[in-house]
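Every chain is named by a letter (A, B and C) in the order it is written, and numbering of its residues begins at 1.
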Amino acid sequence: MTLKLASIVESLASDFNARCYGDQNVEIDGLAPLLHATPSQLSFLSGSKYLAQLPLSKAACVIVSPAFEAVARQRGVCVVADDPYHYFARVTQLWKQQHTPKRVAAIHVTASIDPLAKIGKNVAIGAFSVVAAGAQIADGVQIAEHCVIGEGASIGCDTRLAARATLMDGCRIGERCILHPGVVIGADGFGFAAHQGRWEKIEQLGSVHVGNDVEIGANTCIDRGALQDTVIEDGVKLDNLIQIGHNVRIGAHTAMAGCVGVAGSATIGAHCTIGGGAIVLGHLTLADGVHISAASVVTRSILKAGNYTGFFPLDDNATWEKNAVTLKHLHGLRERIKQLEKNL
Amino acid sequence: MTLKLASIVESLASDFNARCYGDQNVEIDGLAPLLHATPSQLSFLSGSKYLAQLPLSKAACVIVSPAFEAVARQRGVCVVADDPYHYFARVTQLWKQQHTPKRVAAIHVTASIDPLAKIGKNVAIGAFSVVAAGAQIADGVQIAEHCVIGEGASIGCDTRLAARATLMDGCRIGERCILHPGVVIGADGFGFAAHQGRWEKIEQLGSVHVGNDVEIGANTCIDRGALQDTVIEDGVKLDNLIQIGHNVRIGAHTAMAGCVGVAGSATIGAHCTIGGGAIVLGHLTLADGVHISAASVVTRSILKAGNYTGFFPLDDNATWEKNAVTLKHLHGLRERIKQLEKNL
Amino acid sequence: MTLKLASIVESLASDFNARCYGDQNVEIDGLAPLLHATPSQLSFLSGSKYLAQLPLSKAACVIVSPAFEAVARQRGVCVVADDPYHYFARVTQLWKQQHTPKRVAAIHVTASIDPLAKIGKNVAIGAFSVVAAGAQIADGVQIAEHCVIGEGASIGCDTRLAARATLMDGCRIGERCILHPGVVIGADGFGFAAHQGRWEKIEQLGSVHVGNDVEIGANTCIDRGALQDTVIEDGVKLDNLIQIGHNVRIGAHTAMAGCVGVAGSATIGAHCTIGGGAIVLGHLTLADGVHISAASVVTRSILKAGNYTGFFPLDDNATWEKNAVTLKHLHGLRERIKQLEKNL
């Protein structure tokens, strides 16, 4: 299935101030990176880093920013847009929409829907999915196979759950969210009172509240709050295998890469980014616009927007070992420097 | 649904030497932190850190330790208990118990139970769960939806499996355990023999043995042993997304926060705590009472109880970068200090 | 069920140049480590590290390398093989094969198989598993309970999926692979274009291509590519709870331990090993034969085979804290050393 370049350009014309140069009659049969694109594929130049690849690309058409209009036009057909990566994102959406088979929204015969669940219009529920009593599934929701929706849980309009997503009792998800396979929303937070060498369970009486336009990656877990709700605000994007502890609040449009762990009662601002594998300790606050590098450990509140990092630099094993051994005596080295300064 | 304060106090009277001051006739409709509690909610003061919040709390009643009795009584109704956090934990349990709808233990019509499985009395099994031949499910066990119990696996009395928990062939879980959604017990350990540039699989012939009163967080994995069993002793608490390798033994009442990884054949003592994201290498031993900070890497046995840490401190990006670059020459710096000392 | 030692030795005779000394008539009823083995169990000595245990072992027979033949024969029955660990691996396979009940390959009555799926000969599909339209399941494939196979996905001969493995639309797995429970292959990669403070989704139009003889651990996730495929080459072994981002390519026979995260568009060579909890950043290249230690962070391409490490060494908490504080001023210390050298 192909799309005419002209129809792509026209579809996005109302949202972008973009210009297309060259023959728009070409049939596009796919999207590809510059060097891989065939003469029937669309590509894009996201920044100057890949500029050298532009003249070499065989793509049918390349999306570029105004800065690269001249060189792009010299190569051949191009779309010039203020934000080519944003334009490209919208093309992928258009492509997906055109290439996803239209299905009638249907509830699979094997799905187990409690009669006391409230199911909206145009809802799809896949094979073997379970919807418990009191759950509310709004219009246009798509639930794939093997999902479990707990008692009193609610899902907003047009949200999509991939296979094996689980939403526990009383948890609420907003509109247009995407939950990938294996997501667990609303398992018990990790709360225990130490007592005579044992752990007494603190029942987790809160819930999880996820806003609108949130995307949650495969096998990611968001725990329910101890007393109040764990809150994920609008537009948050979480990658795979992330752990969000109880009572955490994540501000709007914050994004976290895979394998991040956020401990209980951390409050993370809006428009933050947390790199893959980073650990955020509990009971602390990150301001809006804080950016944490991958694999860093946040041990204190950060009240000022900016970029923060903390991981051991990689080295060949022998060099690392020499430096690591010395590091264990670093404080002593400082004392020796002090002494030298004094003696001089 | 509300609970009279008097009935809460009375329920816990036999286990705690606690005193309640003020009017116990108030109806409690929830539990909340000090500053969020309404005049019909119960709260607690766990330590002096939040003492300043105590006089400001609108809570119907606050649980405090004897040290804060005076100030608590000045504020209003209070419960004075030796260990207020423990008391509070028990209140959450009471609350959950009172507010969870009583259901008849039942086996869902869609559950697939092998005729050769042995199911105890008062067992609940949810929709689409599978129990294989030879599995033994003791009295009072609750298995939610979409669980898979392998051949010859066994589950002790009153243990609860949340949706999508998986217990593989031959694995045994004790009594009163809680498994959260997506838990995988008994997948193959990661064992291969290198041979001519390929990996020859070592079949994992052991199993997993989980003791009593163990709680296992969402999507956490505990691998089966290579030859003998992986063992999780009584009272262990594991948070979400933890990886426990084959042949590991975790001592009683040890707790691990989210995203911890424990490599194969590690032996961890009793009453240890492992912070979130920490990595414990294989074939080593931690004594009882070892506490590992979050995101630390345990590379050697620790035979002495105590607190151990090892992660790079976070800094603003520019400062980190300067220090990280210097760190790569740390050993050389030490040599230069030595030289300076010699020359002086 | 027991196996006569002679029959084990004979089964492996064609593949190994091994000699058995002593009475091969003994019935073996299990495999065990040297010190745990009973007089009816088989054991092995993998290297000189455990040599002191050899004379103490009660095992019926011990597999050793030629270097330890003398001491092994002095102890009793033994098999002498060039690579005893490889020999042992094959014994575990033989053991598993002999002790796994033979079942007729069958499609469970509750499985939901689309009529447009193509199912090979001798295929087993477990309870409640779902196979969508256009999926191709080759001969000898075993799919356990609660698996979900998306539209147009394909699975090669003799591959085994454990319970709750998920293969999304269009993803392809090769022959003789093993997927453990909870694996998610083909969830969307984490791709967004920042636009006016929000994240615009980049639809992930690629797929995942997994080669032959690949093993993938429990709850591990491999994302589909953005435009092209994420590729896992032949013989790769991934442990549990690993995250593989979109467009990643992992070379043949590379192995990764648990909790590793590989960010998008990383290209990892063949015959690499990545230790548990390591993080590999995106858009970089590792050459063949690169070995990354556990918990290390790979921030740049590594074009030379070898061993690389980068994590903060563990210390008792007080020592760590002193050194960590000093580390934040390391660059300044270097400046002071320079000054001292100048002044001298």
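Heads up, the rule we're going with is that a residue touches a chain if its C-beta (ideal position, glycine included) is under 8 Å from a C-beta of that chain, and two chains touch if they have at least 3 such contacts.
Please read these numbers as outputs of a predicted model, since none were measured by experiment.
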Homomeric contact subunit A-subunit C: same or different residue positions, threshold half: different
C-alpha-based rotation, subunit A on subunit B, 0 to 180 degrees, nearest 5: 120
For subunit A paired with subunit C, centre-to-centre distance based on mean C-alpha positions, whole Å: 26
Of all residues in subunit C, the ones touching two or more other chains: 128, 146, 164, 182, 219, 241, 259, 277, 311-313, 315, 325, 327, 329-330, 333, 337, 340, 344
Contact set on subunit A toward subunit C in their complex: 30-33, 36, 83, 85-86, 88-90, 92-93, 95-96, 108, 110, 126-128, 144-146, 162-164, 178, 180-182, 213, 215, 217-219, 235, 237, 239-241, 253, 255, 257-259, 271, 276-277, 294-295, 311-317, 320-321, 324-325, 327-331, 333-334, 337, 340-341, 344
Parts of subunit B lying in touch with subunit C, wherever the complex brings them together: 112, 128, 130, 146, 148, 150, 164, 166, 168, 182, 184, 187-188, 190, 192-193, 195, 197-205, 219, 221, 223, 226-228, 241, 243, 245, 259, 261, 263, 277, 279, 281, 292-293, 296-300, 306-313, 315, 319, 322-323, 325-327, 329-330, 333, 336-337, 340, 343-344
